[in-house]
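This structure is in structure tokens; I'll ask about it shortly.
Here the chain labels run A, B, C and D in written order, and each chain numbers its own residues starting at 1.
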């Protein structure tokens, strides 16, 4: 499967085209709606006040409730837009405004971040919901939780015996953490940042259970880490990715890092899973475990230093409009979606 | 430019084909040789005892000393091979042995790690040396240093005023660190690990100076972070990548993380560079700064737990042969090569 | 530019996503409408009775009348559908019905040909209209005419001095031929075929003027003929393509076929253009000239031999519904669109 | 499988890298040698006097006689080169000389045609030989014959009951035609052209038997005709391709062109095969039948009109050196190779 996302935050609609969808999948639209709902904005003070129904209208690729195998296009209309909140001459620090201005010769739709808006993750979640249903048919499950918000850290997945039942529990939480206590403290971090007209970053841990061994290749463009990374860095705000022990490997010795092989009945397993289920760019049959870091939302209401694009002079900016003080909790289903799409590419 | 690496550690030769090389580049073969030499094994106790001349023979794409624009193939013969050191029934923990066995139905060339050998980074360094010469013509420079070995950390690049002259100094060091004191302590870490028949991991920081603003796109497959990651994860042992503040973003607030824009003469700059020169998947004209983590060498001489592939029973393994106790210092030019190739893809 | 077409003939909508559109193009929607109109059905007895407004609604990638540089999605709603005309158990000879049944495990949307319908060429013409406007900015023009319908042949383009003014004249004709007399005779062929409840095939000649020399490469995936072919064979009913003298080369001698080079002022030209503007897979600066053959419409109202898919028994079929006795005249702007998209890929 | 060919006619070596080769294929090197021999030059007066052993040295991807699944690189050394025969200032009419000069800014290796030489089809035949062995394991066979040389035409394959045994017979002929009488007359055409210091064009018909129904897609980049065309146009001198009735469709009626479906035992077949085994871009299980046209060799010894690249003035050129008066008979295994590679891409 290959996906192409289109749309701008304040344009007529946003959407996605999925190619190479297997034919014959009875698409569970309620499951799709549940995924969309996990990402949807406007539920509480932790998120932007913008409210969108985020109902996906399927234009193609579905016939009598089943996928046809031809490109599947899902579209979400933009309804609650307030374009007056935006102008273009003062690029917002931390945003793509300046880079986009250069990239697109000043022609980018800057309203609400345009094509760079976090809103564009809605079609990604839709695409991921389709991918998840394809994976579930093969006994493959994807789950994620908030690993960190500011200084607060959650517990971590058991990388060896990751239980897919846990994924279901997490998916039903509005603020998906393994430890509810950590979740409470994270929420306080976000409220506090909001109070200070600030925002806060975080990290998400994700696991995929059920992928067979032997997928991927060591070579450029074909290795599991590279494929997953391409999907993960297509999610706005993601700035780092680590597999298994990740940056922790830097301080480890081989005798600690190597995962011993063992027979678990007639199945080959490893007794630890520091490598995150991937050796030499190839799946080894253990859970695939990785984390991403997300930068704090760039839109904050404190005065910030910037420039006038037109006059090429220094300026001060105070960003108005409706913004998330933290996107990490809403990004959990987005990271799952990206991972699910990467898995369908690997299969 | 697109590259395809071929070869096995103990096969007749290893090499690379580079496509879409710009025509007319007068290839500086001495500069190529210097890069090859930075990666070459066998220089001291920090590395494997295997010795290879690593002379690149160019089979195509070069005419009268200049690139033709047609595919450039460089080949390195394998000479000092000791295949008796290897067998196949006991997959080495931490290695790709088991995953490769499944992936290739037991047909992979396991001798010396075959296609998974770190030796395959030699053609990558060659390809990177070509890429660096192309970049230098446009005033773009790539440099890297060891950021961490075990618990020892080096200083970090100044991400705002990264000086390319520093890259030259680093390239001439056999153990490239910014702080020589840190370098000494890292070397001791490696000797100690070797002494204990163990290995040790590390991290490398890399910077690219001179890339124009406006390259890349936010979309899947086109964003700078995704493209760089695909190149970096094609390097054996790399298990994590972070751009700018990377995982540090998780504990930051927007007011800290946002890079203020300012006029530096007639040039737009940022006064900090937490984003690592990339916003919304697009270059912003500041230095591109990122780090990778490398796992400790999997080949250690301590007894390890594994299985017999043939009998599907548990087994104990002691790895013999010549191995690096640490690959991080030799990987510095490899990471630079991967970064240089990614930059030519972006341009 | 890369395009992805989605939709089924009797689904909610059909459309296309265009990626890598240059930013800043002021899109001339009237010119788009004119191109759509050239392809539109229902104008006279030469075409299907199905009538569609074919108004393209642009969902993304356009801001204040200019392209943003982000993916451009255009959608056309399906309105005049009569799905009762279709059933699925009797694959129509000459159609994709049987192949699609196998390919998609019986899940394809068979109504009106589904994703295989000629109606899917409407979004292709839209994409081509965008491409043509990009090309026109660089002085590149694409034109085509009906070369043959049944036994009747039109005159041919002057391949050396192809005049782009002629393209405009042809675009304004409802039945685009160079010779109006040949056009009259072709129309009679189509009426006659319709009368006999039959259909008729044909060929289209297309030329591109203004492409610079030196585009393309000899290698797989990069040569001009290969790139154009991929675009042309994505048009339903196209079964052959020839460049320049094409199949005529088989009966030629080198002394006839070689195009002599000459100075035309300070410009290098060839005095003949048998090669169709392409040597070694690279443009040579002369007009790019090629032809395609289109099979007769498969839907005819005569009794035909087929099978029951369900019972795997022989059957007889009489196709009902509204069908074109010939698609060649309507395919002229479609071939131009495919050629224009190929040119933007080459540039 | 994906292939990358490298090399220049008078450089150190030519070769090919094959990616995504299935692991475990016991490579029959004698079968490879037979294929190489079918294409090899220097056998008689019908071909160039250049003699090359064309022995393929495999550098990677093969271990203990079996493919590893990692990239397979095969190299052929250039030995019998006479570079003094070539100069660069007078581009040869019909050759890629001028287009390549512009494309590569005058840096192309012009000796013996460089990367554009027909000699580069040797690694293609090697790659095709590997592909054929993969296909044969699945009961898929590829065969071809000379369809036309100048005015002389051969008989055609029975497109419904194409017998793979015939392919073997053809492969053993030094001048592969179905009718030996036609072959005699074609040979005379070639001798006569040679006598006149001229060259002659031709056409090749190729068939693939045993491909399952349901491969390919209607969409851009995925349809069988487009994929095959990309492979075929990567063969030097190919200027046209037609599937099934091809250009003949232009003069046909639907009632003639439609292939009736019928049950042949429990197998669905068509009673005719005008469509060449492909409907809607998807295989239908019948033989895939197509033809290509090849232009006459551009190198002829008659005086021809050209220009001085340096002086930008008109000039006269008499080409010296060793050249084929016709490449069609030597191209037969090349077309088979391209078809075999396309089939492995489809599977």
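The rule is simple: a contact is a pair of C-beta atoms (placed from the backbone, for glycine too) under 8 Å apart; a residue touches a chain by one contact, two chains touch by 3 or more.
Just so it is clear, the structure is predicted and the values come from calculations on it, not from any experiment.
Shared contact partners of chain C and chain D are A, B.
Relative to the C-alpha centre of chain D, the farthest chain centre belongs to A. More C-beta pairs touch across one of B-C and A-C than the other; that pair is A-C.
Rounded to a whole number, the gap between the C-alpha centres of chain B and chain C is 47 angstrom. One simple way to say how far apart two chains are is to compare their mean CA positions; for chain A and chain C this gives 39 Å. In chain C, 4-5, 19, 70-71, 103, 115, 218-219 are the positions where the chain touches two or more neighbouring chains simultaneously. Partner chain A is touched in their complex by these residues of chain B: 3-5, 91-100, 102-103, 115-116, 147-151, 193, 196, 198-203, 213-221, 223, 225-226, 229-231, 233-234, 236, 238-263, 266, 268, 270-271, 274-276, 278-285, 293-300, 302, 304-307, 312-314. Listed in rising order, the residues of chain C touching chain A in the complex are 4-8, 11-15, 17, 19, 23-24, 57-63, 66-73, 75, 103-109, 111, 114-115.
Residues 19, 70-71, 218-219 of chain D are the ones touching chain A in the complex.
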